[in-house]
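For reference, chains read A, B, C, D, E and F in written order, and residue numbers begin at 1 within each chain.
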Amino acid sequence: MNKKVVTLGDVMMRLSTPGFARFTQTETFKIHYAGSEGNVASALAGWGVPAVHVTRFPENDFGRAATESLRKFGVDTSSIIYGDERLGLYFLENGAMQRSSRIIYDRFDSAFSYIKPGMIDWSELMKGARWFHWSGITPAISQGAADVCKEALLAARKQGVTISADINYRRNLWQYGKRAIDIMPSLIELSDIIVGGVTDFENCLGITVTDFEKGCKEVQKKNPAVKKIANTHRESISSSHNKIEGMLWTGKELLKSQQYDLTHIVDRVGAGDAFMAGLIFGWINEKTEKQTLEFATASCAMKHSVEGDVNVCTVQEIDAVLNGENIGKLLR
Amino acid sequence: MNKKVVTLGDVMMRLSTPGFARFTQTETFKIHYAGSEGNVASALAGWGVPAVHVTRFPENDFGRAATESLRKFGVDTSSIIYGDERLGLYFLENGAMQRSSRIIYDRFDSAFSYIKPGMIDWSELMKGARWFHWSGITPAISQGAADVCKEALLAARKQGVTISADINYRRNLWQYGKRAIDIMPSLIELSDIIVGGVTDFENCLGITVTDFEKGCKEVQKKNPAVKKIANTHRESISSSHNKIEGMLWTGKELLKSQQYDLTHIVDRVGAGDAFMAGLIFGWINEKTEKQTLEFATASCAMKHSVEGDVNVCTVQEIDAVLNGENIGKLLR
Amino acid sequence: MNKKVVTLGDVMMRLSTPGFARFTQTETFKIHYAGSEGNVASALAGWGVPAVHVTRFPENDFGRAATESLRKFGVDTSSIIYGDERLGLYFLENGAMQRSSRIIYDRFDSAFSYIKPGMIDWSELMKGARWFHWSGITPAISQGAADVCKEALLAARKQGVTISADINYRRNLWQYGKRAIDIMPSLIELSDIIVGGVTDFENCLGITVTDFEKGCKEVQKKNPAVKKIANTHRESISSSHNKIEGMLWTGKELLKSQQYDLTHIVDRVGAGDAFMAGLIFGWINEKTEKQTLEFATASCAMKHSVEGDVNVCTVQEIDAVLNGENIGKLLR
Amino acid sequence: MNKKVVTLGDVMMRLSTPGFARFTQTETFKIHYAGSEGNVASALAGWGVPAVHVTRFPENDFGRAATESLRKFGVDTSSIIYGDERLGLYFLENGAMQRSSRIIYDRFDSAFSYIKPGMIDWSELMKGARWFHWSGITPAISQGAADVCKEALLAARKQGVTISADINYRRNLWQYGKRAIDIMPSLIELSDIIVGGVTDFENCLGITVTDFEKGCKEVQKKNPAVKKIANTHRESISSSHNKIEGMLWTGKELLKSQQYDLTHIVDRVGAGDAFMAGLIFGWINEKTEKQTLEFATASCAMKHSVEGDVNVCTVQEIDAVLNGENIGKLLR
Amino acid sequence: MNKKVVTLGDVMMRLSTPGFARFTQTETFKIHYAGSEGNVASALAGWGVPAVHVTRFPENDFGRAATESLRKFGVDTSSIIYGDERLGLYFLENGAMQRSSRIIYDRFDSAFSYIKPGMIDWSELMKGARWFHWSGITPAISQGAADVCKEALLAARKQGVTISADINYRRNLWQYGKRAIDIMPSLIELSDIIVGGVTDFENCLGITVTDFEKGCKEVQKKNPAVKKIANTHRESISSSHNKIEGMLWTGKELLKSQQYDLTHIVDRVGAGDAFMAGLIFGWINEKTEKQTLEFATASCAMKHSVEGDVNVCTVQEIDAVLNGENIGKLLR
Amino acid sequence: MNKKVVTLGDVMMRLSTPGFARFTQTETFKIHYAGSEGNVASALAGWGVPAVHVTRFPENDFGRAATESLRKFGVDTSSIIYGDERLGLYFLENGAMQRSSRIIYDRFDSAFSYIKPGMIDWSELMKGARWFHWSGITPAISQGAADVCKEALLAARKQGVTISADINYRRNLWQYGKRAIDIMPSLIELSDIIVGGVTDFENCLGITVTDFEKGCKEVQKKNPAVKKIANTHRESISSSHNKIEGMLWTGKELLKSQQYDLTHIVDRVGAGDAFMAGLIFGWINEKTEKQTLEFATASCAMKHSVEGDVNVCTVQEIDAVLNGENIGKLLR
């Protein structure tokens, strides 16, 4: 069965401080290449799903290294285009105890922000695709990126490709003269499945509610194409200790997953992308809504145990945790 | 008083990933030299007990480095023999949170697996020894290793040396055409003290019980030489959080130690060997059964706080923890 | 408003083992430059308070590196003097779980221990100063250091500079022929504010009580100049898990701060200095007693989350924790 | 134009000591995945040549990591097969000054050594291929590997694919009961281009000469299919200082490249593979014999400046060195 | 005597690959904070010269860390201003052997590029200054930076402060619509001493000559204020081996320094700044022209032996090398 | 044949900066345990010679770690005594190019400096010994150490043990009120073989000559017991490039070894000890004078290629270099 997933989005160089060092203390950075949608593609590729990531990189060693990183994860990088400009960056300071983790972005003017409609042959790419995934970060980057996102969505719909969107509202983006509320509605209305919470609903759709379920119903009312809405709920005791559960509005009912007690957190960045990848994996493999939600939430939980933005845990490992097997064992 | 302890067993190069890196993520390995029985000898030597480890290494830099590692811990390495072949390896991926720790063995065809009766002068070695320790790993490696183990046991009994065995059943060994049940009974019946649980009893002695105390009685019925049987009971909340307690069947009653709450685990590998070393240390120093069990369990607990397979905590430190002293203090 | 703080005390090279390695396991040390009073100055400088640290260093690369370290934190190092001899050292082994953290000092015969009255122009230095801080470590080092401390105290009083003292009794110092009880009373009686507990009261003032509040009243009775007495109360579950709260005797009543649950401790050394710095910061900025105590205790708690002796968390971060904001969040 | 290159051979985990540490000194290993033919494919892929590597890996995390490493370099890994057994290893100790570099192999019983004819669909693979490359290491590993090599050669010839062979005689392989002289002649006679020297000629073809040119003529007389023979000539002043030049017997004349003075060598392992990749790159891009030899030798020289077995220098960089441009410059 | 030196220029975060790793190979970066004029100030401060660096940083942790780095070197950072935007970056890949070192800049839109006239109180700053130093990088960054440079030069001349300029033409800057030739002449004509070569003369002053001495005379003819012109001459054998000598046109004659044979180069970046700092140090301390040139060239040579952009060698060390003393000795 | 070698001397913790970092730049130190005479014992033990090192360590983790380090090398540590006080330290900054390597000692008041006659049972230790080795560092440390050295020498002579001395004059020691000339003559006159140069002769024996051979004759005239005198001659081109040759006055003639060109030096510390160990190894194995000198000089040369104070190269490797074999080869 065809399972090809296409994703679109910028990939940055992530520079993180080692251990618990602060930005002003560190003498070194650890390098990863990461971005929300590429993280989703990488997790899926690791689980055996054919995943194609589309982006635009600078034609230099960092564009090359970012491509190699995606390729290492098994992502098909043959649709990436190259140009001038720079690779976006983000700096990560890992929190501990009561001290919060912090990210400093330096992603403006990336090669991706200069992407323009016509640069990617979307109708070709969507042929034979089963799924297209985008996030609210892309239209927040530049008008060109927003336009390319729309272009992709239209091509996807034309070919009957299922579309998922991680709304992911980011206040510190949207610097090119448009607000989320100006752009997002016309993109969300083309999507089948969205991930988001009440803050996202408010900022991107102008829907003001405090209850998630009520919000989901409002979203669907305004956007008939949207069939399912999912989100995670995180409770923060400290930077080292969180609790997490997943929620899925199936269009009819609100399902909740088991809750995971996450002590001794290794790296929480990318947990939302691991949830997203889990949802796509579940649906593409025709799991039930409940199974899909549980898989996605377990994927999200497991992401906290590995360094980097990508969930490199296997399907077997995620299933085991989901079923309460092997937890804390030494597997020989 | 004579306290010389002789141990027999293979020693491998342990290659572990740094921090919480996974096998597919890491660019480096940390090196230790480790093996169940050598770990016991190393802990005992660190506590001032004269310990002689017997093994067979390849005559190359890794055999030399493994010897140096044992010597560093204070183990007498003068009875080690050298030959062709390779040093066995094992790879360790440290777990975190809900993600399990994993070991990949690459130990077949080690120099030790080619050991043969007659290579070691056991009657000479057992002269003046107080204790001989072996584990179920050795007879699982090769027919030669099983034969040498038997040879050592007979020499030990002849000289009245006390014999302890860590049954330690490993499914993925026993590849040379024999099953544990074919070999282990004739070795266990020569031993005075064993460490094992109900799974070990079933696989190595064909005794099928679910209750440890009942199992101990069965073992003793079949093996009159076995005087005491000990084991640890581990409860796994996650890879970072376990609880552990020790149990000792004295031949008359089942003693239980205090339970330790092990949060923020550093490295759990070798905890069983730390327990074993603690038992030998207790008995050789004529502690009571209860004191011995408590020391062994505290040794096992403390092992989780140090990197590597060997418990490098001192007797003073273990005694302090056992007595609830200094815990969490900053000792100046 | 004038906020200049002057501190006096030795600064050592701190050599700590990486991760959870023990002294006998490590192949490397991490280097910091640290000392109780310099830590206080460094934290204050980081918070924008003009801080001058006075000490005596050897005229070699390590004296130079220690100076550079203070300067990096923003401390005014222009009053440091240089001479022969060595830089004191201390070695730190980070504990984990039930295993205690340990410090081995190698600080005798430091350049600071050879400091003598007349070497520092205290009357010049105290001009325009708002605060002078010393600790019980300085008079414990050598007769010269005790004399210089007295010299500084007299100059400070003459100029109306507020004086704080962290009594900080250390049994393994006081090797030059004097006991704490011989020297400390005449220094404490010149101080306005002290930090200490009942053990300090006993060793440094000969006041034997078991209750902190009662002790405070006794201290004040004997030392009318002392207006306030503060301390922290630490509960140790393990090396990785402590609880901490602050106490402040205002001269009239005993205030207690909120208690912090400190799990996943990164580095607890210097937590007392972070508390001290917090107190000075509060008073110098004319916070209320309660606000000052809460700020100091939050500063103390936050110190546990960063490596090194100095609390490098910002005022904003400490205030947020104190108000329960952002805890465990990922700040973008 | 079609430029697809197919390579066959085992890939090992390379574990090298950091800096100039010796095997008995090191506490860590740096990890690379490497093997002669895979190195050739990786270099070619880096230069934009479509390269397919064929091998057999164990179905575990190390087989997966080795695949990911090849994929990162851009090699097509879709023809790799997986099975039981282990990944071969080699350990590298980097020499310095008069002290030689050393390799300890631990590659027996690798998953590749259990490869058998029929496992790979060679006729499918050779369709559309322009070049097939093998080395003398493969038939030295096992009868199965030798048989698969023959199978590949016959399929390649059938499709008119050009065949190159790096004879690469290794004394410490050939342990399965056959000698090189028993197997190699029937493989070499199917090849168009070979790399080797007089020692290789003697051990693999029974041709005993001391002069390279004379040897080339003898090889061609016995093997009419062989059209060109190349080799490098290395002069060793120390482990840190070599000189290298390339030679190419075109069938008519012996060409020599410029000689490179290699001081401050970073890592010489894989230099022969960089030479081989350079030859294939030259011929596939229809450079002249002289240009091809110069490119290959410059590639070989440049390999000494980078860590790992693969020449990660670009075509532009190699061309620049070859033309004496930019040498020692700081390129901004 | 007054020796205060004021410098102006951007400071970037330098991210360099460890050892000889390439950009596409590395998993970590080493962090330094560096920029041509700040490097000069840092070297001078290390030699005891009061140095004030003026720049504009982003008001975030990286602006703070860059400030701390300058302060650690002893530079007076009290005139630095802070604003929005980002810290510029540059990435360094250390070359080896025939492989060139490479720098990728990512410095556009730095906080410094948004500096504007009026932001710095130059007349206040130049009071009591002995020397002002700028480089051709500053006016190449933005119109604002060029204007501020002019503003500083006029203030310096007004106060009779000596002005030096490192012309340092960089092709890949000058992106804001002006060419060097449009801006530089009006800045150079205000300077007393310049460092540059014939390429700089051509690009910045339109003087086309091939001979340095002839060029110097031309420069002086057009710019009567310019009294001296210096430069280094580098011969590159490889990235690991260079030769360097200094040249000084005194206005009357061309002096040449001894030549240094630089084998085993550690880090060549910042060597020009070390030369510049050496010149200023010599003149400010009233050395002769010849002594000054020799000191500057030795400083330049010594810079190659230390990591980072700043020459951290002491005056004593530089003098020793200059006099051929202690070279290659082990100083105890 | 009996080959037991006994050595006496302090062992320090060596803290060296990584790579080419300077003391003021480094954030970490690499740890070794080292001292002249212990280095000799360690090299000999590595070559299979039974070596006993005698010293006094503090009874703490660093005394324990130093013991473990010697034991790892194979040295018999059973005669080491323990007491109060500290372990001596030395800090090493590795030079590069024209920049010299530097050592900062911090070794005063070590546990060894408090050693006293009667603490070691020398008559027991010398029984069955073949060789005793001491150096001029020991009597320079303290009166007690000088007395113990004399005590050992007398015991050695009594048992007919051959005595070697590395005179090794160190200006910065000899701080306890005696000069070398006060103490050394009475120790040298008890020795059979000495290593030293004309500076040592002058400072320790009052013999002022400029020619080594003439000096040797003078030494022998004054000290009839001294039969042979050896030394190395080092030519320093830079910290990275030296030349070295050995000289041996046999009592009759002056032999010179081949000269080694040492480029790309890794670590030169301990080269003299490697020479000394080579001499002892040669004589104890009854090599000729010429063979012994060549072995010792090759050992000295090879030491430069390994990190740490101890020559960990094997006899086979040293012999190969001595015979010009394998130099710069990759040994598989």
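The rule is short, and it goes like this: a residue touches a chain if its C-beta (ideal position, glycine included) is under 8 Å from a C-beta of that chain, and two chains touch if they have at least 3 such contacts.
Given the structure is predicted, the values throughout are model-derived calculations rather than measurements.
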**Chain pair equivalent in interface to A-D, over half of contacts matched, among D-E, C-E or A-E** = C-E
**Contact-richer chain pair [E-F vs C-E]** = E-F
**Message:** From the mean C-alpha coordinate of chain C to that of chain D, what's the distance rounded to whole Å?
**Reply:** 62
**Asked** In angstrom, rounded to a whole number, how far apart do the mean CA points of chain A and chain B lie?
**Response** 46
**Message:** On a C-alpha centroid basis, what's the spacing between chain B and chain F, in Å?
**Reply:** 41
**Request:** Send over the residues of chain D in touch with two or more other chains.
**Result:** 22, 24, 27, 68, 263-264
**Complete:** As the complex stands, chain F meets chain E at residues 19-22, 24-25, 95-103, 105, 170, 172, 236-242, 263-264, 268-269
**Message:** If we count contacts the way the header does, which residues on chain A are in touch with chain D in the complex?
**Reply:** 68-69, 71-74
**Message:** List the residues on chain E that touch chain A in their complex, please.
**Reply:** 15, 22-24, 26-31, 60-62, 64-65, 68, 86, 89, 91, 93, 104, 106, 108-109
**Message:** Please output the residues of chain E touching chain F within their complex, sorted ascending.
**Reply:** 260, 262-266, 301-302, 304-308, 312-313, 317, 320-321, 326-332
